[in-house]
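Shared chain: chain A. Partners: chain B in the first complex, chain C in the second.
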Partner chain A sequence: MIADPLKTQATSKMMDMQLREVAPASAHHEFVLEVNNFNVDYGVGENMVRAVNDVTLKLRRSQVLGVAGESGSGKSTLVYAMTRLLRAPGVISGGDVTLNITNDGDSDEVTPINLVTASEKELRQIRWSHVSIVLQSALNALNPVLRVGREFHEVLKTHRRELTKSQRHARSVELLKMVGLNEDRLARFPHELSGGQRQRIMIALALALDPELVIMDEPTTALDVVTQREIINELNELRSRYGFALIFITHDLSLLIELADEIVVMYAGAIIERAGASELYEAPRHPYTLGLINSFPPMHGDRRELTGIPGSPPDLAELPEGCSFAPRCPYAMARCLHEAPALLNIGDSDRSVACWLHTGDSSVTVPVELSRSSSPSRAHVTVLQDHT
Partner chain B sequence: MSEITTTPAQLSVRHLTRHFTTRVPGRLLHAKRVVRAVDDASLDLVRGQVTAVVGESGSGKSVLARMLARIIAPTSGELILEGTTIPAGAKRTLEYASKVQLVLQDPYASTNPVHRIRHSLERPLLIHGAKKHDVEDLAKAALSRVSLDPPERFLDRYPHELSGGQLQRVSIARALCVKPDVLLADEPISMLDVSVRLGILNLLKGLCDNEHLAVLYITHDIASARYLADEIIVMYAGQIVERSRGTALVDEPTHPYTQLLIASVPDPSDPTSQASQSDEHSSYAVPEVGCRFAPRCPFVMDVCRTTDPPVFQVGEGHTSRCWLYADRPEAVVEMALPERRREGETTKT
Partner chain C sequence: MLARRLLLYIVTAWVAITANFLLPRMMPGNPIQTLIGKITNTVTPEEIRAIRLSFGLGFHQGLVAQYFTYLTQLVHGNLGISITLGAPVSSILREAVPWTVGLIGLSTIFSFAIGTFGGALLGWTRGSRLDSLIPTATFFQAVPYFFLATVMLLLFGSDLHWFPVLGAYSPTVTQGWNLAYIESVIRYGELPLIAIVLSSLAGWMLGMRNMMITMIGEDFVLMAVAKGLPRRKVIWHAARNAILPSIANLSLAIGLVVSGALLVELVFNYPGVGDLLLQAVLNEDYPLIQGIFLVITLAVLAANFLADIVYLWLDPRTRTVAAV
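Let's look at the complex of A and B:
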């Protein structure tokens, strides 16, 4: 189901109307975002490279979805395309993205909006007030010749026209307070602030209009570990207070395990494993996930040699036949080299993995490290570790 | 452990200091401010050992590495290579460069994109006096040492044709091909993908164990320092605040900054780890007098604000620059002494 991008643009209005008719507006949706069979390509024709391959995911309200993956795994492309921020030669070549926005006043009523077909005008209304995005480099995201306060004023001026100048100022001060910054920062230029402060400003801006969904693309990667910790704590607090859903993209799996409710692991443009955060850490099912977890040297216990993952991430233009991880996989079987595994649920659990080891085939022996069971509660695990 | 201490250091630095003078923005031309990038750092790089320097950006760890490579001249202090003190103000020589080599953070930025890998490897060989008909074999040997096999496949490639991990191996090979005794690695893995980082760390460890190189590993990732290092040094605002042999520093941190650093590391196996700190720490200027960490320190005392703390011995081969350990006066080590040498025989004040 590859759609012509030009054609979808033209029929967007019609499609959108249809969609609204089909889904009754009064239905309460537990999901804020639904992505189905989403494909994104770079370029067209012969030189086309598929950067996001058949991604399906759902995000519940007030939940944190972590997207983990290495460079080139398609994690940033996924969110740029999802929010229609992707520029040429990036093309959405299939699938749909539905954002269920709540109407003001009545939180039970939602309006589904198809982001793939939405017009620029509709997108303008959704962006920032319903979905906002925080990018990796706050220094590049903030205008260097504007004082920070101007950024806040412009957002509020565009989207909250009823506010007076003094009300806008009051709201800006309130937003800065929310992220633990002093109000005198409003008069500063971005270069006068530290990296952590700039990233806090970006978070405050993202929250300016109380969005339901905030997307963060490696927001802490350029920061020190201490500053990263402060931002993460801040974020957790803000989330519990305002209840927005969060998509957090990072290559740092150990950070995600702490922050996210659910984690999807991406490799070569596709989701290869999806599970609850603690399940993923305690009982990884995909060999790549296991390799990633073992790539972080531990802070406790004896020092022992770790091996990481042999080889290097694949080139999307020359993906191997079969499973894209097979050339680096220590458990690769003959089948892996020819057939690509689909992302399937494991048994009757709600976690899924794309690996031939876990298709329930009795002739395949699952290695013990990929069949560990996750413990029912984390407290239990901590106790166990204390004893060993 | 004793045999380690008796091994003579390949490269030592004593009281190495570098200050930069900058103009205060918005003031008169005469208003100058001194940034103490590195203050009074002493350390020994020993063959067959990895010394890790951990610190956040701006802690002076990269300036330290560049002083050791003699790319930046120190304001004061001395470098001792194989027991010979290098005179202050002396020019960096080819001989020094052949003994001490630096590997930088971003392999894409440190290799020439318009030249093949062959060029990057053969050029230093020719500069260091290798015979023209030998250089290809030497370059191949260097690539094999960093596990890029077969080397022929890589010699005629361009940097953009290699992955980040492979290219970082090339830059390590380039440093190795002049047969240095000391390898300085400035954040060699921070630009690389998570899955290939361990490969580079294990390569450094292997070079250290099998070829007895002295390795300085500079990082902001304390977990990787713990994984790799024989000695860990933590820097804050240009000063060495804590150092230990082995993993003592990570397992039992004594300096409040090290404690904060370790509590901040995301640790999936310990979900209770939650360091929190006052807001806007980053805006704290480093104080002119007293302990540099005092404005951020949760245990700050009056003495911290007035007097720079000396270095205290807090365990075997483990020292900390913090007044909290002043109740044990016998533990005082003279400021910035090469502690490694004085292990066991603490100096009384």
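Let's look at the complex of A and C:
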């Protein structure tokens, strides 16, 4: 935990009063977030489009979950809806999201909060103290007319009311140091900073209240590869030091390998593959995952021909019958065009995939590139060496 | 940075003053002839000379010399003598400007404040029942002003006697810093003020509402929600940015305050600059026209300079541009 005087009695008492009444403490401490059969629609009635379809996932404490997929795959919609930040016409149409928040200083006791049913007041208390978010464009995420320091003060003032002005300043300086920035940045306006500095500030801001869960929506997409690299390394370091759980959304699978413990791949609003990060990267099972991997150059290792995925993401309003990826899939079989595959575990392994190639049907020949066995990830080894 | 802008304004003011000097001299006609034309008796050449001299026109100077005389007189606050009123233009203006600045200035500020605040609220609650305020406000702006003002004057002034009418203060009180006079000025100002605010509210309101809706879609407002800030702070984040274009418009509006609302002053018989300008133009009173134009020009420039400073302070992004 961040050594701080910040999570003090006053706040914890406030949380106790406000949140304990909602649900009694229970023993869900293994997972920080549980999402069950979650559906999100855009619009209602005839023009309704399902953007997130029956998503179920669990995130352990201090784990990094990578969410990958093309634009329009529903990955951002999923996290915004989960945190109740989705704007109209987005509507949560089913399922529930449980955030198990720890009470201060006592990691054995957690309070489950159903984010789908939480009131505005409850949400305001949970937001940023327990779940914070980093957006793709830090330039847009910072108010252009405010000095950077104002953003820190505002968050600390709202959620840590007992802090004095000088304590807030000290904390802001400490946070900037965590991401390798000098305290003089606090007096700057967003437009006076570089893209990398802005994103570092967003990350520092996200960690200001020591949340259990940080959500990052393509935080490095707008940055050049060198800065991207630095930020990923810093994130790895911060995470091992402070132990927050992280949901990292990106379309760049090779980036996720560096950071994530587990990766889910989304397509047309549904999870189509879920596996440990290196397993998924070394031995993809879904043809779409393989396509994504072949669309980005690897951060480490040999050069590889980039092939990409033919076609474009489907129109969610007119999803094809059967598997939604079938029209673009080089391995599509007759069955794929009529029946949608469910997300099922492969054999007795911990990973799952939604593809007819992997249902154990002996009459189906699994292509060799989709049946590789995974080896210990070289990428992970390299990352560790970077820090020693 | 600010010094550079100030220099720009000084140059602009000089150009305006010079144009103000040249324009009447390039126009056909002659104010003395106009004046003489009004005199029914025969006028002897000596009398003409006397008239010319009394208006300071007796000396035959070249254009350049006239220009420098003009500038010197200007620096000393001497704007010449009004032909129709026979009084120094500067003292006539000193009488009229405060009325106009008071009435139109206050109306503009009220209209801006109410419209902007209302617009921010309407933008935030877009789609709610409050939206019906927009057509109402637009109606008042769409109705021709003199019609709206006349109807209000007749209804609330003449018929219902809610407000005093005609003039800027009661003729029964003595002018000066006494309570009765100040109270009377306020009472007489109320109806014209309400009429102006009503007729100009929609512009501020719609502008702010639309900017607000744009801002709500911005990431930093989403972030404000994600940070768990109370609602009024979230609205503040959006409004703080949405107000910037309104500030730019306000600077233009303030610049026009001095020129007065001619129609307002006519309908309510208010003794302002607008009314004065109309009289001056009708009587071809060149010194007065020139004086009024000069005051209007300088007021517009001053208001713009002020707005520039406020804008620099409100939007840090404008501070760096000129440094390049």
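Points to keep in mind about this one:
Here, the second predicted complex is superposed on the first by the 338 of 388 C-alpha atoms of A that agree within 3 Å, B and C clash if a C-alpha of one lies under 4 Å from a C-alpha of the other, contacts with A are read in each partner's own complex, and residues count from 1 in each chain.
Here is the rule we go by: contacts are C-beta pairs under 8 Å (C-beta built on N, C-alpha and C of every residue); 3 or more make two chains touch, one makes a residue touch a chain.
These numbers were taken from a predicted model, which means no experiment stands behind them.
In the superposition on chain A, A:Ile309 makes contact with chain B only, while chain C stays out of contact range. The partner of chain A that touches more of its residues, comparing chain B with chain C, is B.
In the superposition on chain A, A:Trp128 makes contact with chain C only, not with chain B. In the superposition on chain A, A:Phe189 contacts chain C only, with no contact to chain B. Using the contact criterion defined above for the overlaid structures, shared-chain residue A:Glu339 touches neither chain B nor chain C, since it reaches no partner.
Within chain A, not a single residue is touched by chain B in the first complex and by chain C in the second.
Residue ranges on chain C touching chain A, taken from their complex, read 218-220, 222-230, 233, 237, 240-241, 244, 314-317, 320. Of all residues in chain A, only 83, 85, 87, 123-129, 132-133, 135, 137, 140-147, 154-155, 158-159, 189, 191-192 touch chain C in the complex they form.
Against chain B, in their complex, chain A makes its touches with residues 70-71, 180-182, 194-197, 224-230, 232-233, 251-255, 257-258, 281, 288, 291-293, 295-300, 303, 305-310, 312-313, 328, 378, 382, 385.
Chain B meets chain A in the complex at residues 56-57, 163-166, 193-199, 201-202, 220-224, 226-228, 247, 250-251, 260-272, 274-277, 279-283.
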